[in-house]
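This is the structure I have questions about; it appears just below.
Naming follows writing order (A, B, C and D), and every chain is counted from residue 1.
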């Protein structure tokens, strides 16, 4: 495990998509801080909003109508500082890599300038009917590439295939 | 990201602690498979049971009475196969490393012989009142070392400090 | 709202199905007690087990293969005493009423003899493809009646149609 | 159980507080609809926002600093229509009753004009240190009364004590 160094919110690309979220009472545990799986749920919600509001891809239709799954094959998080109930946070997803049948994101969670958590999420596109791998659909690939390009190069980013 | 190769359940140490769990309807998403943050919740429950049933440490008293937090500073999972509603799974935690103020576990999730997910979890011990790092308490350290020794050497395990 | 009086666990029918559960760290909120929606999740899991282990109906096949939904149209709970992390509880579902296209359960949650919560859950059977009401399937109706009869008459129970 | 009749969103008091929420992929179950306990979680988040944004009471400070709990003693919901992933919903809480050491809310969940769910939530104020009942604090009582008065009389509302 390599522990990432926190990056201030303002150091992220200005053109990146940002989703606000509020830490809820029910998100927190008896230690008074976010129960860690809930950070992953918030990240998942952010990716849905990224699709809808920035990529122009209907995440829900992708699953329900087009039968394409975007399940995670890898999900990792480094927790740098605890989130507390009532905190207003900002989630910033950045595309790190686009492969043939998968793509990878870095997702930063900040409270003000302070980075609370950094997530590394790898998604594989699947055919929901057969539960087998399938290529990233062309409209999603184009949208991911466009977003990646709008955000500009970032540390750790890999050249898309 | 390195993707681990699945290990059959029977290849894990016979002496390891195993916690059964059942995948619930409410754990699954519209794609019919476990919504990934729920795997982390199941892993967290397993670690509570490991403490109570094998390590002899009351996880809940540790927090509520002794004021010691065991928050995660890193949590990663590779998802190899989807879990479906009704699946009976077995979660096997193995200690990988014990440091001064942290310890790391590998946690395997199997359905029968088939590995569904592999988690890598790093916990830091904290003083809940000040939210600062503190050494792993001696009774917990001794119990973790004993469990580690009972399980025997495993791939990727590091020599305890 | 009428507040029910707690019933000791031993006053429930001896023949009733009982599902054990353990209150988890992640089920609890910053007040240190079960975050109330999680009691409903535990109840939902108990009903899955009732179907599988006592009624002989595969809850998951009912949905995934037979296309029959058992969605809740009403869910209520009275919380009598808080559940704390580490508590071992027992959930006891009792059938209160079986209608043409719905059935109702009382579900008691006890810690030892002490009742912590009482739930009132009404399920309507639906055709998942059309999302419309459909009769309770005959095998499920027969199983519910059999279970109801095994438990014997209970307070507030209504004569099945 | 009395089943309420749906009320169109526009029939609710114009002055009522409304909180937007989006139904997430992870909120939904394999039947593709909101897993019912998640409606209660959304309602809980709405009440936090009502406190902060309309009542001027810091929900989080109330718990963490003032040691006052606002636990639910009763929670009920009638589910009229299913919520689907991607739905944008509006949650409207209305005060129904303010007692000496408790208060009750009706909470309506709408998608457009269509009511999806109606919740009935009763909160008891407690001293978190002793976990015993305590009077509703004066600032909270005044704020609840003010909000109740701003919304005007509503069906089923009771005269405050």
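Of note:
As a convention for this text, contacts are C-beta pairs under 8 Å (C-beta built on N, C-alpha and C of every residue); 3 or more make two chains touch, one makes a residue touch a chain.
Keep in mind that this is a model prediction, so the values were computed, not measured.
Between subunit B and subunit C the CA-based rotation angle works out to 180°, given as a multiple of 5. Where subunit C touches subunit D, over half of the residue numbers in use are shared by the two copies, so each contributes mostly the same positions.
Mean C-alpha positions place subunit B and subunit C at a centre distance of 30 Å.
In whole angstrom, the spacing between the mean C-alpha positions of subunit C and subunit D is 24. Averaging Cα coordinates per chain places subunit A and subunit C 36 Å apart. Under the contact definition stated at the top, the residues of subunit C that touch 2 or more other chains are 25-26, 30, 32, 35, 37, 41, 44, 63-64, 85.
For subunit B in complex with subunit A, the touching residues are 1, 3, 30-31, 33, 35-38, 40-41, 44, 63-64, 69, 71-79, 82, 104, 120, 122, 128, 131. Remark: subunit C residues 25-26, 28-30, 32, 35, 37, 85 touch subunit A in the complex.
Residues of subunit C that touch subunit B in their complex: 22, 24-26, 32, 41, 44-45, 48-49, 52, 58-60, 63-64, 84-86.
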